[in-house]
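Should a chain be cited, it is by its letter among A, B and C, assigned in written order, with residues numbered from 1 in that chain.
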């Protein structure tokens, strides 16, 4: 499915996306997903995730602000997603920073997400390497992490996306890169987490690889347009949501994706 | 009390509103309430809600992102509100989506909120019907839900508000409708939850029915004005807070409310 | 270190700031810190705070939305900070409002924060006096609280900052005041909490007293500039983040600080 067809389908179906994400990202991730055309739902209680996941078109799990009850809900949600054929996306935020976080990320990875998204440092560390990440920020370049992403995709059977100044997507066999977005984006908190939610939205209506490519393209295109008229990270955020909402399917040009 | 008199009183008193709301809504609901003229406080620990509720002019409870400790705090807060004569507002977000959520909503309803606010699907389901809601979004029209709202108002002894493209408010005897707001509003997350907080602010200084009408009018008027100059959901959000803050009492015209 | 030198160092090092803050503030505090030039990380699980604190340049603890597991994490984080020489900042939000909140604030104060920031009512109550605070809002003037701040600074061995229309900073011996900011600022939720996070960012690269002064100056200057072109609290927020990001070291003029 081409990116423009994916966006057309996303807008037509407004799929329900179940997001378990962190407290910092919750509002902006919901706004990003909603502006793009989907219907986000943030639900995390162990008592109800297994009832909600089957209603959703996709599930996203982000480990940004962990705690024990949420970890239990994440595992139950991922298990339910697998059982019901609901595609799920993992975002292993800063998993290399503490042993607790690292063990949660590895345990979730073993539950076979359809898609894995992280920055270069996160992907390198998840593949077993050591990167230069600091907190939620990457200290490594996307190019440095490509081999890790491919290895990880093959081992986990997932589509893996590294996002940064250049995005790289692989399913272990096919690889694409996408140059774009805007320099100001890392100055707005939780945009990566929001991108994970948007990937979930597309995964509800398209195959994992195509869904990831379409989400990255939608995000990058909106980012570039918003950056043109912003005056800093605050006005960028507002303009970015406007652009995510106003972009039309024909604005997502497949030729911006470079195949390798 | 007329809407303009209510806003005048709200601004003069800046009432303290105790909000137990969801993680997605917490920041925007606080900003909406603060911009309008009240003083919101987000407090949810079972250890302290019973001490805080009596200090507040009103309490609002929203079940958007439930978990067991929060449910305990909600019940304790509602109980304290009843004991101290503090009016409280219930927002049963997507309660039809899971059994856990449904049981919490019914248990809270039994604690006799002064005001109940939901979208059409939420009100229909709470009254015992079945709607077409999906996640946090309504799949039903406000007109379809009017009979449910009236029945619910009579049974629960509450003012019931259904909000959507047309808002409907009833106390079981009197009914009003209000047409207004803006098409872009459902594209901003947690605005309904924020409206619940604003209803709480007005409930602190006016009787339940009048408070609800004034809050809906303030919200709709600000939404319309913000929509005129926005370019999408991001710029709308910023403009909406500006308008909530800048609106003057005389801008809330009682003749916009249609009595039935 | 002069304020301009502090900002230069902040931008050059982008220090990692570990923030344990409330749900309302989490997104805006991260955006403020990021826009200013630091790298915020919001981490609160008791299982990992002790592993993360030593990686950070500073820790900030804000008690806005308490619960028992978070209180445990706050104590563990503060203890780790002391053990590793990581400066930490305490923000005792509305601690006077409930016995639970008051006891947590006093227990944290006993763990010797390097810096303590609050509004006038919070500082007066922490020093043992009684103020006129309501919820998260101060009911007292900064001038009324100066003696409390000085006494508290001497007793606790902390730098104490009272913020409001005029800011006052003392280490018990030296005192400075700073007039500035904008009238609209109290109409935006969690700006005080965000200032605490920014003080943490500066505390990672400068001594406590100088760090506090630089953060207040950066905040006030950005607030004034943003207020000039805003139309209400919504557009102010966006413009404020823009200005925090765009301000240059030479814009932080030490002569705006009045020494007493």
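Note that in this section a contact is a pair of C-beta atoms (placed from the backbone, for glycine too) under 8 Å apart; a residue touches a chain by one contact, two chains touch by 3 or more.
Just so we're clear, the structure is a prediction, and the values are computed from it rather than from any experiment.
Engineer: Which neighbours does subunit A have in common with subunit B?
Structural biologist: C
Engineer: In steps of 5 degrees, what rotation angle do you get fitting subunit A onto subunit C on the CA atoms?
Structural biologist: 120
Engineer: Copies subunit B, subunit C: same or different interface, half of numbers shared as the threshold?
Structural biologist: different
Engineer: Where the CA atoms of subunit B average out and where those of subunit C average out, how many Å apart are those spots?
Structural biologist: The computed centroid separation for subunit B versus subunit C comes out at 32 Å.
Engineer: Multi-chain contacts only, two chains or more: what residues does subunit B have there?
Structural biologist: 23, 26-27, 237-238
Engineer: Which residues of subunit C touch subunit B in their complex?
Structural biologist: These residues of subunit C touch subunit B: 22-28, 64-68, 94, 97-101, 134-137, 187-190, 230-235, 237-238.
Engineer: Touching subunit C in the complex: which residues of subunit B?
Structural biologist: Within the complex, subunit B touches subunit C at residues 14, 16, 23, 26-27, 30-31, 34-35, 39-45, 47-48, 51-52, 55-56, 69, 237-246.
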